[in-house]
Amino acid sequence: MTVLQMTADELQQFLARDFGQVAEDFTVERADGAGLCLRLRVADRHLRPGGTVSGPAMFGLADVAMYLAILARIGPVALAVTTNCSIDFMRKPVAGRDLLAEARVLKLGRVLAVGDVLIFSEGEGQPVARAGLTYSIPPK
Amino acid sequence: MTVLQMTADELQQFLARDFGQVAEDFTVERADGAGLCLRLRVADRHLRPGGTVSGPAMFGLADVAMYLAILARIGPVALAVTTNCSIDFMRKPVAGRDLLAEARVLKLGRVLAVGDVLIFSEGEGQPVARAGLTYSIPPK
Amino acid sequence: MTVLQMTADELQQFLARDFGQVAEDFTVERADGAGLCLRLRVADRHLRPGGTVSGPAMFGLADVAMYLAILARIGPVALAVTTNCSIDFMRKPVAGRDLLAEARVLKLGRVLAVGDVLIFSEGEGQPVARAGLTYSIPPK
Amino acid sequence: MTVLQMTADELQQFLARDFGQVAEDFTVERADGAGLCLRLRVADRHLRPGGTVSGPAMFGLADVAMYLAILARIGPVALAVTTNCSIDFMRKPVAGRDLLAEARVLKLGRVLAVGDVLIFSEGEGQPVARAGLTYSIPPK
(Lines give C-alpha, C1' and ligand atoms only; values in the text may rest on other atoms or scores of the structure.)
Protein backbone atom coordinates (compact mmCIF):
# COMPACT_ATOMS: atom_id res chain seq x y z
CA MET A 1 0.00 0.00 0.00
CA THR A 2 1.21 3.49 -0.79
CA VAL A 3 1.93 5.53 2.33
CA LEU A 4 1.93 9.29 1.86
CA GLN A 5 4.39 11.49 3.72
CA MET A 6 2.39 14.69 3.16
CA THR A 7 -1.32 15.53 3.09
CA ALA A 8 -3.00 17.83 0.57
CA ASP A 9 -2.93 20.62 3.17
CA GLU A 10 0.76 20.14 3.87
CA LEU A 11 1.53 20.21 0.14
CA GLN A 12 -0.45 23.44 -0.22
CA GLN A 13 1.50 25.01 2.64
CA PHE A 14 4.76 23.80 1.09
CA LEU A 15 3.81 25.53 -2.19
CA ALA A 16 2.96 28.78 -0.42
CA ARG A 17 6.25 28.79 1.47
CA ASP A 18 8.69 27.66 -1.24
CA PHE A 19 6.99 28.79 -4.47
CA GLY A 20 5.44 32.04 -3.37
CA GLN A 21 5.06 33.56 -6.80
CA VAL A 22 3.11 30.66 -8.37
CA ALA A 23 1.43 29.19 -5.30
CA GLU A 24 -1.70 31.30 -5.71
CA ASP A 25 -2.23 29.75 -9.15
CA PHE A 26 -2.68 26.26 -7.72
CA THR A 27 -4.94 24.44 -5.28
CA VAL A 28 -4.18 20.86 -4.18
CA GLU A 29 -7.60 19.24 -4.46
CA ARG A 30 -6.64 15.73 -3.41
CA ALA A 31 -3.59 13.63 -2.53
CA ASP A 32 -3.96 9.92 -1.89
CA GLY A 33 -2.55 6.55 -2.86
CA ALA A 34 -4.01 6.83 -6.36
CA GLY A 35 -2.29 10.13 -7.10
CA LEU A 36 -2.83 13.85 -6.82
CA CYS A 37 -5.32 16.31 -8.27
CA LEU A 38 -4.16 19.89 -8.75
CA ARG A 39 -6.33 22.82 -9.85
CA LEU A 40 -5.06 25.67 -12.00
CA ARG A 41 -7.09 28.69 -10.96
CA VAL A 42 -7.21 30.15 -14.42
CA ALA A 43 -6.60 33.91 -14.59
CA ASP A 44 -5.85 36.37 -17.39
CA ARG A 45 -2.11 35.77 -17.16
CA HIS A 46 -2.62 32.11 -18.21
CA LEU A 47 -4.51 32.93 -21.41
CA ARG A 48 -3.43 33.17 -25.03
CA PRO A 49 -5.17 35.44 -27.53
CA GLY A 50 -8.63 33.94 -28.05
CA GLY A 51 -9.08 33.21 -24.36
CA THR A 52 -7.76 29.65 -24.06
CA VAL A 53 -5.14 28.60 -21.54
CA SER A 54 -1.62 28.84 -22.98
CA GLY A 55 0.69 25.87 -23.56
CA PRO A 56 3.24 27.06 -20.98
CA ALA A 57 0.48 27.38 -18.36
CA MET A 58 -0.63 23.78 -19.07
CA PHE A 59 2.97 22.61 -19.00
CA GLY A 60 3.44 24.35 -15.65
CA LEU A 61 0.31 22.71 -14.27
CA ALA A 62 1.49 19.23 -15.30
CA ASP A 63 4.96 19.90 -13.90
CA VAL A 64 3.80 21.16 -10.51
CA ALA A 65 1.20 18.39 -10.21
CA MET A 66 3.80 15.67 -10.72
CA TYR A 67 6.29 17.44 -8.47
CA LEU A 68 3.76 17.51 -5.63
CA ALA A 69 2.71 13.90 -6.29
CA ILE A 70 6.35 12.87 -5.80
CA LEU A 71 6.78 15.02 -2.68
CA ALA A 72 3.63 13.45 -1.24
CA ARG A 73 5.48 10.13 -1.46
CA ILE A 74 9.01 11.11 -0.41
CA GLY A 75 8.37 14.11 1.82
CA PRO A 76 9.51 17.72 1.57
CA VAL A 77 13.21 17.08 2.18
CA ALA A 78 14.39 16.24 -1.31
CA LEU A 79 14.59 18.63 -4.22
CA ALA A 80 13.41 16.77 -7.31
CA VAL A 81 14.28 18.29 -10.69
CA THR A 82 12.31 17.82 -13.93
CA THR A 83 14.51 16.13 -16.51
CA ASN A 84 11.97 15.30 -19.24
CA CYS A 85 8.39 16.12 -20.14
CA SER A 86 6.55 14.86 -23.19
CA ILE A 87 3.19 16.60 -23.47
CA ASP A 88 0.37 16.11 -25.99
CA PHE A 89 -2.12 18.92 -26.49
CA MET A 90 -5.32 17.22 -27.62
CA ARG A 91 -8.23 19.62 -27.29
CA LYS A 92 -8.81 23.30 -26.73
CA PRO A 93 -9.59 23.99 -23.06
CA VAL A 94 -13.09 25.32 -22.42
CA ALA A 95 -12.95 29.11 -22.01
CA GLY A 96 -13.61 30.43 -18.53
CA ARG A 97 -13.07 27.15 -16.74
CA ASP A 98 -10.35 26.04 -14.33
CA LEU A 99 -8.11 23.14 -15.33
CA LEU A 100 -7.69 20.01 -13.22
CA ALA A 101 -4.58 17.84 -13.45
CA GLU A 102 -4.68 14.19 -12.35
CA ALA A 103 -1.13 13.03 -11.66
CA ARG A 104 0.03 9.53 -10.78
CA VAL A 105 3.50 8.27 -9.90
CA LEU A 106 4.37 5.17 -11.95
CA LYS A 107 7.89 4.68 -10.67
CA LEU A 108 9.70 6.00 -7.63
CA GLY A 109 13.29 4.86 -7.92
CA ARG A 110 16.50 5.72 -6.17
CA VAL A 111 17.51 8.39 -8.69
CA LEU A 112 14.50 8.77 -11.04
CA ALA A 113 10.76 9.18 -10.60
CA VAL A 114 8.37 8.76 -13.54
CA GLY A 115 4.69 9.54 -13.80
CA ASP A 116 1.95 10.80 -16.03
CA VAL A 117 -0.71 13.49 -15.92
CA LEU A 118 -4.10 14.02 -17.56
CA ILE A 119 -5.45 17.58 -17.72
CA PHE A 120 -9.17 18.32 -17.95
CA SER A 121 -11.30 21.43 -18.22
CA GLU A 122 -13.39 21.30 -15.04
CA GLY A 123 -16.59 19.35 -15.60
CA GLU A 124 -15.47 17.75 -18.89
CA GLY A 125 -14.80 14.03 -19.38
CA GLN A 126 -12.35 14.29 -22.27
CA PRO A 127 -8.79 15.37 -21.44
CA VAL A 128 -7.31 18.51 -23.03
CA ALA A 129 -3.73 17.32 -22.56
CA ARG A 130 -1.62 14.44 -21.33
CA ALA A 131 1.98 14.39 -20.21
CA GLY A 132 4.65 11.93 -19.15
CA LEU A 133 7.30 13.37 -16.83
CA THR A 134 10.60 12.26 -15.35
CA TYR A 135 12.27 13.76 -12.30
CA SER A 136 15.77 13.32 -11.04
CA ILE A 137 15.95 12.79 -7.29
CA PRO A 138 19.22 14.09 -5.80
CA PRO A 139 21.15 11.91 -3.36
CA LYS A 140 20.44 12.69 0.28
CA MET B 1 -20.53 5.60 -25.25
CA THR B 2 -17.68 4.23 -27.28
CA VAL B 3 -18.86 1.96 -30.09
CA LEU B 4 -16.25 -0.43 -31.46
CA GLN B 5 -16.07 -1.21 -35.17
CA MET B 6 -14.00 -4.38 -34.69
CA THR B 7 -13.92 -7.13 -32.06
CA ALA B 8 -10.78 -8.67 -30.57
CA ASP B 9 -11.17 -11.63 -32.96
CA GLU B 10 -11.51 -9.39 -36.00
CA LEU B 11 -8.43 -7.43 -34.96
CA GLN B 12 -6.47 -10.66 -34.57
CA GLN B 13 -7.53 -11.76 -38.07
CA PHE B 14 -6.60 -8.33 -39.44
CA LEU B 15 -3.11 -8.72 -37.93
CA ALA B 16 -2.67 -12.18 -39.42
CA ARG B 17 -3.70 -11.03 -42.88
CA ASP B 18 -1.92 -7.65 -43.11
CA PHE B 19 1.07 -8.11 -40.78
CA GLY B 20 1.95 -11.72 -41.40
CA GLN B 21 5.52 -11.54 -40.20
CA VAL B 22 4.76 -10.07 -36.76
CA ALA B 23 1.23 -11.36 -36.19
CA GLU B 24 2.40 -14.49 -34.42
CA ASP B 25 4.13 -12.32 -31.80
CA PHE B 26 0.86 -10.80 -30.62
CA THR B 27 -2.47 -11.92 -29.16
CA VAL B 28 -5.37 -9.48 -28.77
CA GLU B 29 -6.56 -10.28 -25.26
CA ARG B 30 -9.36 -7.76 -25.02
CA ALA B 31 -10.91 -4.87 -26.95
CA ASP B 32 -13.69 -2.80 -25.39
CA GLY B 33 -14.75 0.74 -24.67
CA ALA B 34 -12.01 1.15 -22.07
CA GLY B 35 -9.23 0.22 -24.47
CA LEU B 36 -7.29 -2.77 -25.73
CA CYS B 37 -5.01 -5.34 -24.14
CA LEU B 38 -2.32 -6.88 -26.34
CA ARG B 39 0.01 -9.73 -25.34
CA LEU B 40 3.57 -10.04 -26.58
CA ARG B 41 4.29 -13.74 -26.69
CA VAL B 42 7.90 -13.39 -25.67
CA ALA B 43 10.36 -15.51 -27.66
CA ASP B 44 14.13 -15.58 -28.02
CA ARG B 45 14.10 -13.03 -30.83
CA HIS B 46 12.66 -10.40 -28.43
CA LEU B 47 15.43 -10.74 -25.85
CA ARG B 48 18.58 -8.75 -25.17
CA PRO B 49 21.68 -10.30 -23.64
CA GLY B 50 20.76 -11.15 -20.05
CA GLY B 51 17.34 -12.45 -21.03
CA THR B 52 15.14 -9.35 -20.72
CA VAL B 53 12.86 -8.12 -23.47
CA SER B 54 14.61 -5.57 -25.71
CA GLY B 55 13.62 -1.92 -26.04
CA PRO B 56 12.61 -2.29 -29.70
CA ALA B 57 10.36 -5.24 -28.82
CA MET B 58 8.62 -3.15 -26.14
CA PHE B 59 8.35 -0.22 -28.52
CA GLY B 60 6.79 -2.53 -31.13
CA LEU B 61 4.32 -3.86 -28.57
CA ALA B 62 3.20 -0.33 -27.60
CA ASP B 63 2.97 0.70 -31.25
CA VAL B 64 0.87 -2.28 -32.38
CA ALA B 65 -1.36 -2.06 -29.29
CA MET B 66 -2.24 1.57 -29.99
CA TYR B 67 -2.63 0.91 -33.71
CA LEU B 68 -5.18 -1.83 -33.00
CA ALA B 69 -6.96 0.28 -30.37
CA ILE B 70 -7.47 2.96 -33.03
CA LEU B 71 -8.60 0.46 -35.68
CA ALA B 72 -11.09 -0.96 -33.18
CA ARG B 73 -12.65 2.52 -33.14
CA ILE B 74 -12.44 3.52 -36.81
CA GLY B 75 -12.51 0.14 -38.57
CA PRO B 76 -9.98 -1.53 -40.86
CA VAL B 77 -10.36 0.91 -43.77
CA ALA B 78 -7.91 3.60 -42.77
CA LEU B 79 -4.17 3.28 -42.65
CA ALA B 80 -3.00 5.14 -39.58
CA VAL B 81 0.69 6.03 -39.40
CA THR B 82 2.71 6.53 -36.18
CA THR B 83 4.03 10.08 -36.05
CA ASN B 84 5.36 10.26 -32.48
CA CYS B 85 6.10 7.94 -29.60
CA SER B 86 7.50 8.97 -26.26
CA ILE B 87 8.33 5.90 -24.19
CA ASP B 88 9.66 5.60 -20.64
CA PHE B 89 11.40 2.41 -19.60
CA MET B 90 10.86 2.14 -15.87
CA ARG B 91 11.65 -1.40 -14.71
CA LYS B 92 13.31 -4.51 -16.03
CA PRO B 93 10.72 -6.97 -17.35
CA VAL B 94 10.54 -10.25 -15.43
CA ALA B 95 12.51 -12.93 -17.31
CA GLY B 96 10.45 -15.70 -18.89
CA ARG B 97 7.12 -13.85 -18.74
CA ASP B 98 4.94 -12.48 -21.51
CA LEU B 99 4.30 -8.74 -21.62
CA LEU B 100 0.81 -7.22 -21.60
CA ALA B 101 0.10 -3.78 -23.05
CA GLU B 102 -2.95 -1.81 -21.92
CA ALA B 103 -3.73 0.83 -24.57
CA ARG B 104 -6.36 3.56 -24.41
CA VAL B 105 -7.34 6.12 -27.03
CA LEU B 106 -7.48 9.61 -25.51
CA LYS B 107 -8.30 11.53 -28.68
CA LEU B 108 -9.68 10.43 -32.01
CA GLY B 109 -9.68 13.48 -34.24
CA ARG B 110 -10.10 14.08 -37.93
CA VAL B 111 -6.39 13.89 -38.70
CA LEU B 112 -4.70 12.82 -35.44
CA ALA B 113 -5.29 10.13 -32.84
CA VAL B 114 -3.53 10.22 -29.46
CA GLY B 115 -3.34 7.60 -26.76
CA ASP B 116 -1.19 6.01 -24.12
CA VAL B 117 -0.02 2.54 -23.18
CA LEU B 118 1.15 0.85 -19.99
CA ILE B 119 3.23 -2.33 -20.34
CA PHE B 120 3.35 -4.97 -17.59
CA SER B 121 5.13 -8.27 -17.09
CA GLU B 122 2.26 -10.74 -16.81
CA GLY B 123 1.14 -11.09 -13.22
CA GLU B 124 2.90 -7.96 -11.95
CA GLY B 125 1.18 -4.81 -10.72
CA GLN B 126 3.95 -2.31 -11.46
CA PRO B 127 4.41 -1.27 -15.12
CA VAL B 128 7.73 -1.87 -16.87
CA ALA B 129 7.13 0.89 -19.42
CA ARG B 130 4.71 3.63 -20.42
CA ALA B 131 4.27 5.33 -23.76
CA GLY B 132 2.30 8.17 -25.34
CA LEU B 133 1.69 7.79 -29.06
CA THR B 134 0.29 9.92 -31.86
CA TYR B 135 -1.00 8.60 -35.18
CA SER B 136 -1.79 10.49 -38.34
CA ILE B 137 -5.06 9.37 -39.93
CA PRO B 138 -5.01 9.83 -43.72
CA PRO B 139 -8.01 11.46 -45.45
CA LYS B 140 -10.54 8.96 -46.80
CA MET C 1 16.84 26.02 -51.12
CA THR C 2 14.57 27.18 -48.35
CA VAL C 3 12.69 30.37 -49.21
CA LEU C 4 11.39 32.35 -46.26
CA GLN C 5 8.02 34.11 -46.39
CA MET C 6 8.80 36.40 -43.46
CA THR C 7 11.92 38.20 -42.23
CA ALA C 8 13.02 38.45 -38.61
CA ASP C 9 11.54 41.97 -38.48
CA GLU C 10 8.20 40.85 -39.86
CA LEU C 11 8.07 37.99 -37.35
CA GLN C 12 8.78 40.43 -34.53
CA GLN C 13 5.95 42.70 -35.72
CA PHE C 14 3.64 39.69 -35.99
CA LEU C 15 4.43 38.81 -32.36
CA ALA C 16 3.74 42.34 -31.19
CA ARG C 17 0.40 42.48 -32.99
CA ASP C 18 -0.98 39.00 -32.27
CA PHE C 19 0.69 38.06 -28.99
CA GLY C 20 0.76 41.39 -27.22
CA GLN C 21 1.09 40.03 -23.73
CA VAL C 22 4.18 37.88 -24.36
CA ALA C 23 5.77 39.75 -27.27
CA GLU C 24 7.94 41.87 -24.99
CA ASP C 25 9.53 38.70 -23.61
CA PHE C 26 10.99 37.72 -26.97
CA THR C 27 13.36 39.11 -29.61
CA VAL C 28 13.76 37.42 -32.98
CA GLU C 29 17.54 37.44 -33.39
CA ARG C 30 17.76 35.71 -36.74
CA ALA C 31 15.58 33.93 -39.30
CA ASP C 32 17.16 32.23 -42.28
CA GLY C 33 17.25 28.97 -44.19
CA ALA C 34 19.01 27.21 -41.33
CA GLY C 35 16.36 28.11 -38.78
CA LEU C 36 15.47 30.78 -36.29
CA CYS C 37 17.10 32.17 -33.17
CA LEU C 38 14.81 33.61 -30.49
CA ARG C 39 15.93 35.42 -27.33
CA LEU C 40 14.08 35.21 -24.05
CA ARG C 41 14.68 38.53 -22.33
CA VAL C 42 14.80 37.04 -18.87
CA ALA C 43 12.90 39.01 -16.23
CA ASP C 44 11.79 38.29 -12.68
CA ARG C 45 8.51 36.71 -13.83
CA HIS C 46 10.48 33.92 -15.58
CA LEU C 47 12.41 32.86 -12.50
CA ARG C 48 11.92 30.09 -9.98
CA PRO C 49 13.09 30.36 -6.38
CA GLY C 50 16.90 30.33 -6.53
CA GLY C 51 16.99 32.64 -9.53
CA THR C 52 17.02 30.19 -12.44
CA VAL C 53 14.59 30.35 -15.35
CA SER C 54 11.49 28.20 -14.73
CA GLY C 55 10.53 25.14 -16.76
CA PRO C 56 7.35 26.76 -18.13
CA ALA C 57 9.37 29.78 -19.31
CA MET C 58 11.80 27.49 -21.17
CA PHE C 59 8.90 25.50 -22.59
CA GLY C 60 7.31 28.76 -23.78
CA LEU C 61 10.58 29.86 -25.39
CA ALA C 62 10.90 26.56 -27.31
CA ASP C 63 7.24 26.70 -28.34
CA VAL C 64 7.32 30.29 -29.63
CA ALA C 65 10.68 29.73 -31.39
CA MET C 66 9.33 26.76 -33.34
CA TYR C 67 6.04 28.54 -34.06
CA LEU C 68 7.91 31.47 -35.58
CA ALA C 69 10.29 29.17 -37.50
CA ILE C 70 7.23 27.57 -39.12
CA LEU C 71 5.56 30.92 -39.85
CA ALA C 72 8.80 32.10 -41.46
CA ARG C 73 8.34 29.25 -43.91
CA ILE C 74 4.57 29.31 -44.53
CA GLY C 75 3.71 32.96 -43.90
CA PRO C 76 1.39 34.56 -41.35
CA VAL C 77 -1.87 33.23 -42.79
CA ALA C 78 -2.05 29.83 -41.14
CA LEU C 79 -2.65 29.21 -37.47
CA ALA C 80 -0.42 26.34 -36.44
CA VAL C 81 -1.25 24.59 -33.15
CA THR C 82 1.25 22.74 -30.93
CA THR C 83 0.24 19.08 -30.66
CA ASN C 84 3.31 17.58 -28.96
CA CYS C 85 6.44 18.75 -27.18
CA SER C 86 9.07 16.51 -25.67
CA ILE C 87 11.56 18.59 -23.73
CA ASP C 88 14.73 17.54 -21.87
CA PHE C 89 16.09 19.81 -19.17
CA MET C 90 19.82 19.14 -19.06
CA ARG C 91 21.56 21.90 -17.16
CA LYS C 92 20.71 24.77 -14.87
CA PRO C 93 20.58 28.05 -16.83
CA VAL C 94 23.21 30.58 -15.79
CA ALA C 95 21.65 33.14 -13.44
CA GLY C 96 21.24 36.66 -14.82
CA ARG C 97 21.64 35.69 -18.48
CA ASP C 98 19.16 35.72 -21.34
CA LEU C 99 18.32 32.41 -23.03
CA LEU C 100 18.73 31.83 -26.76
CA ALA C 101 16.69 29.20 -28.62
CA GLU C 102 17.94 27.78 -31.91
CA ALA C 103 14.96 26.26 -33.77
CA ARG C 104 15.03 24.30 -37.00
CA VAL C 105 12.15 22.90 -39.04
CA LEU C 106 12.80 19.24 -39.95
CA LYS C 107 9.54 18.56 -41.74
CA LEU C 108 6.92 20.86 -43.20
CA GLY C 109 4.08 18.65 -44.38
CA ARG C 110 0.54 19.24 -45.47
CA VAL C 111 -0.94 18.75 -42.01
CA LEU C 112 2.05 18.42 -39.65
CA ALA C 113 5.26 20.34 -39.07
CA VAL C 114 8.08 18.87 -36.95
CA GLY C 115 11.22 20.51 -35.65
CA ASP C 116 13.63 20.72 -32.77
CA VAL C 117 15.09 23.39 -30.54
CA LEU C 118 18.26 23.78 -28.50
CA ILE C 119 18.25 26.35 -25.68
CA PHE C 120 21.45 28.00 -24.42
CA SER C 121 22.32 30.50 -21.73
CA GLU C 122 23.78 33.40 -23.69
CA GLY C 123 27.51 32.97 -24.16
CA GLU C 124 27.58 29.27 -23.18
CA GLY C 125 28.39 26.40 -25.55
CA GLN C 126 26.50 23.64 -23.74
CA PRO C 127 22.70 23.60 -24.12
CA VAL C 128 20.47 23.88 -21.04
CA ALA C 129 17.53 22.18 -22.76
CA ARG C 130 16.45 20.49 -25.96
CA ALA C 131 12.96 19.96 -27.35
CA GLY C 132 11.23 18.22 -30.25
CA LEU C 133 7.92 19.79 -31.26
CA THR C 134 5.05 18.95 -33.58
CA TYR C 135 2.49 21.41 -34.90
CA SER C 136 -0.77 20.75 -36.64
CA ILE C 137 -1.33 23.00 -39.65
CA PRO C 138 -5.03 23.66 -40.28
CA PRO C 139 -6.41 23.33 -43.83
CA LYS C 140 -6.55 26.63 -45.72
CA MET D 1 37.67 19.15 -26.50
CA THR D 2 35.85 15.85 -26.47
CA VAL D 3 38.18 12.89 -25.93
CA LEU D 4 36.84 9.52 -27.07
CA GLN D 5 37.56 6.37 -25.07
CA MET D 6 36.72 4.02 -27.98
CA THR D 7 37.21 4.17 -31.75
CA ALA D 8 34.66 3.14 -34.36
CA ASP D 9 36.44 -0.22 -34.70
CA GLU D 10 36.44 -0.86 -30.98
CA LEU D 11 32.72 -0.02 -30.79
CA GLN D 12 32.04 -2.45 -33.64
CA GLN D 13 33.95 -5.19 -31.83
CA PHE D 14 32.08 -4.40 -28.62
CA LEU D 15 28.77 -4.84 -30.47
CA ALA D 16 29.86 -8.18 -31.95
CA ARG D 17 30.95 -9.50 -28.56
CA ASP D 18 28.12 -8.25 -26.33
CA PHE D 19 25.17 -7.98 -28.72
CA GLY D 20 25.78 -10.95 -30.96
CA GLN D 21 22.23 -11.28 -32.24
CA VAL D 22 21.85 -7.70 -33.46
CA ALA D 23 25.48 -6.82 -34.22
CA GLU D 24 25.23 -7.91 -37.84
CA ASP D 25 22.44 -5.36 -38.38
CA PHE D 26 24.73 -2.43 -37.62
CA THR D 27 27.95 -0.88 -38.90
CA VAL D 28 29.68 1.95 -37.01
CA GLU D 29 30.51 4.35 -39.83
CA ARG D 30 32.15 7.06 -37.78
CA ALA D 31 32.83 8.04 -34.18
CA ASP D 32 34.38 11.40 -33.37
CA GLY D 33 33.97 14.47 -31.22
CA ALA D 34 30.89 15.57 -33.16
CA GLY D 35 29.05 12.31 -32.59
CA LEU D 36 28.55 8.89 -34.11
CA CYS D 37 27.13 7.61 -37.37
CA LEU D 38 25.57 4.14 -37.35
CA ARG D 39 24.31 2.26 -40.41
CA LEU D 40 21.32 -0.09 -40.32
CA ARG D 41 22.03 -2.70 -42.96
CA VAL D 42 18.41 -3.08 -43.98
CA ALA D 43 17.24 -6.66 -44.46
CA ASP D 44 13.85 -8.31 -44.86
CA ARG D 45 13.41 -8.71 -41.10
CA HIS D 46 13.39 -4.89 -40.70
CA LEU D 47 10.55 -4.29 -43.18
CA ARG D 48 6.84 -3.71 -42.73
CA PRO D 49 4.30 -4.72 -45.39
CA GLY D 50 4.91 -2.37 -48.32
CA GLY D 51 8.68 -2.65 -48.03
CA THR D 52 9.53 0.27 -45.73
CA VAL D 53 11.60 -0.08 -42.59
CA SER D 54 9.42 -0.72 -39.52
CA GLY D 55 9.07 1.65 -36.58
CA PRO D 56 10.71 -0.78 -34.11
CA ALA D 57 13.72 -1.16 -36.45
CA MET D 58 14.13 2.64 -36.58
CA PHE D 59 13.69 2.85 -32.81
CA GLY D 60 16.37 0.17 -32.40
CA LEU D 61 18.72 2.05 -34.72
CA ALA D 62 18.31 5.29 -32.74
CA ASP D 63 18.74 3.44 -29.44
CA VAL D 64 21.92 1.58 -30.43
CA ALA D 65 23.41 4.69 -32.07
CA MET D 66 23.00 6.73 -28.89
CA TYR D 67 24.19 3.87 -26.70
CA LEU D 68 27.41 3.60 -28.73
CA ALA D 69 27.86 7.38 -28.80
CA ILE D 70 27.78 7.34 -24.99
CA LEU D 71 30.15 4.35 -24.74
CA ALA D 72 32.56 6.15 -27.07
CA ARG D 73 32.74 8.86 -24.42
CA ILE D 74 32.75 6.81 -21.19
CA GLY D 75 34.32 3.54 -22.33
CA PRO D 76 32.97 -0.02 -22.32
CA VAL D 77 32.89 -0.47 -18.56
CA ALA D 78 29.54 1.06 -17.71
CA LEU D 79 26.18 -0.40 -18.59
CA ALA D 80 23.94 2.49 -19.63
CA VAL D 81 20.18 1.82 -19.69
CA THR D 82 17.65 3.65 -21.88
CA THR D 83 15.12 5.44 -19.68
CA ASN D 84 13.26 7.59 -22.24
CA CYS D 85 12.99 7.92 -25.99
CA SER D 86 10.78 10.40 -27.82
CA ILE D 87 10.83 9.65 -31.53
CA ASP D 88 9.14 11.49 -34.42
CA PHE D 89 8.54 9.62 -37.66
CA MET D 90 8.54 12.28 -40.37
CA ARG D 91 8.91 10.63 -43.78
CA LYS D 92 8.70 7.18 -45.29
CA PRO D 93 12.19 5.68 -45.70
CA VAL D 94 13.24 5.10 -49.32
CA ALA D 95 12.69 1.42 -50.19
CA GLY D 96 15.83 -0.65 -50.70
CA ARG D 97 18.20 1.78 -48.99
CA ASP D 98 20.15 1.47 -45.77
CA LEU D 99 19.41 3.93 -42.97
CA LEU D 100 22.05 6.14 -41.37
CA ALA D 101 21.70 7.50 -37.84
CA GLU D 102 23.62 10.59 -36.75
CA ALA D 103 23.80 10.63 -32.94
CA ARG D 104 25.19 13.35 -30.72
CA VAL D 105 25.59 13.46 -26.96
CA LEU D 106 24.20 16.71 -25.53
CA LYS D 107 24.78 15.98 -21.88
CA LEU D 108 26.95 13.46 -20.11
CA GLY D 109 26.20 13.76 -16.43
CA ARG D 110 26.95 11.70 -13.37
CA VAL D 111 23.73 9.69 -13.54
CA LEU D 112 22.05 10.72 -16.83
CA ALA D 113 23.17 11.10 -20.43
CA VAL D 114 20.99 12.89 -22.99
CA GLY D 115 21.34 13.11 -26.74
CA ASP D 116 19.52 13.22 -30.03
CA VAL D 117 19.54 11.32 -33.29
CA LEU D 118 18.59 12.10 -36.88
CA ILE D 119 17.88 9.15 -39.19
CA PHE D 120 18.30 9.40 -42.97
CA SER D 121 17.75 7.08 -45.91
CA GLU D 122 21.25 6.80 -47.39
CA GLY D 123 21.84 9.52 -49.97
CA GLU D 124 18.88 11.69 -48.91
CA GLY D 125 19.14 15.12 -47.29
CA GLN D 126 15.82 15.13 -45.44
CA PRO D 127 15.59 13.06 -42.26
CA VAL D 128 13.02 10.24 -41.97
CA ALA D 129 12.99 10.37 -38.17
CA ARG D 130 14.38 12.22 -35.18
CA ALA D 131 14.69 11.07 -31.60
CA GLY D 132 15.71 12.42 -28.22
CA LEU D 133 17.00 9.79 -25.79
CA THR D 134 17.97 9.63 -22.12
CA TYR D 135 20.16 6.97 -20.54
CA SER D 136 20.70 6.19 -16.91
CA ILE D 137 24.35 5.58 -16.05
CA PRO D 138 24.76 3.19 -13.12
CA PRO D 139 27.20 4.06 -10.32
CA LYS D 140 30.64 2.48 -10.73
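When the chains are written out, they are named A, B, C and D in that same order, and each has its own residue count from 1.
One rule holds in what follows: a contact is a pair of C-beta atoms (placed from the backbone, for glycine too) under 8 Å apart; a residue touches a chain by one contact, two chains touch by 3 or more.
Computed from a predicted model, the values in this text were never measured in an experiment.
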A-B against A-D, pair bridged by the larger set of C-beta contacts: A-B
Furthest chain, CA centroid comparison against subunit D: A
Gap in Å, rounded to a whole number, between the CA centres of subunit B and subunit A: 27
Whole-Å separation of chain centres (CA-atom averages), subunit A against subunit C: 24
Euclidean distance of C-alpha centroids - subunit A vs subunit D, Å: 33
Multi-partner residues of subunit A (each touching 2 or more other chains): 83-84, 86, 88, 90, 114, 134
Chain contact graph, described as a line, ring, star, complete graph or other shape: complete
Residues of subunit D that touch subunit C when the two form their complex: 86, 88, 90-91, 106-107, 109, 114, 116, 118, 126-127, 130, 132, 134
Partner subunit A, residues of subunit C touching it in the complex: 18-21, 45, 48-49, 54-57, 59-60, 63, 81-90
Residue numbers on subunit B that touch subunit C, as the complex places them: 83-84, 86, 111-112, 114, 134, 136
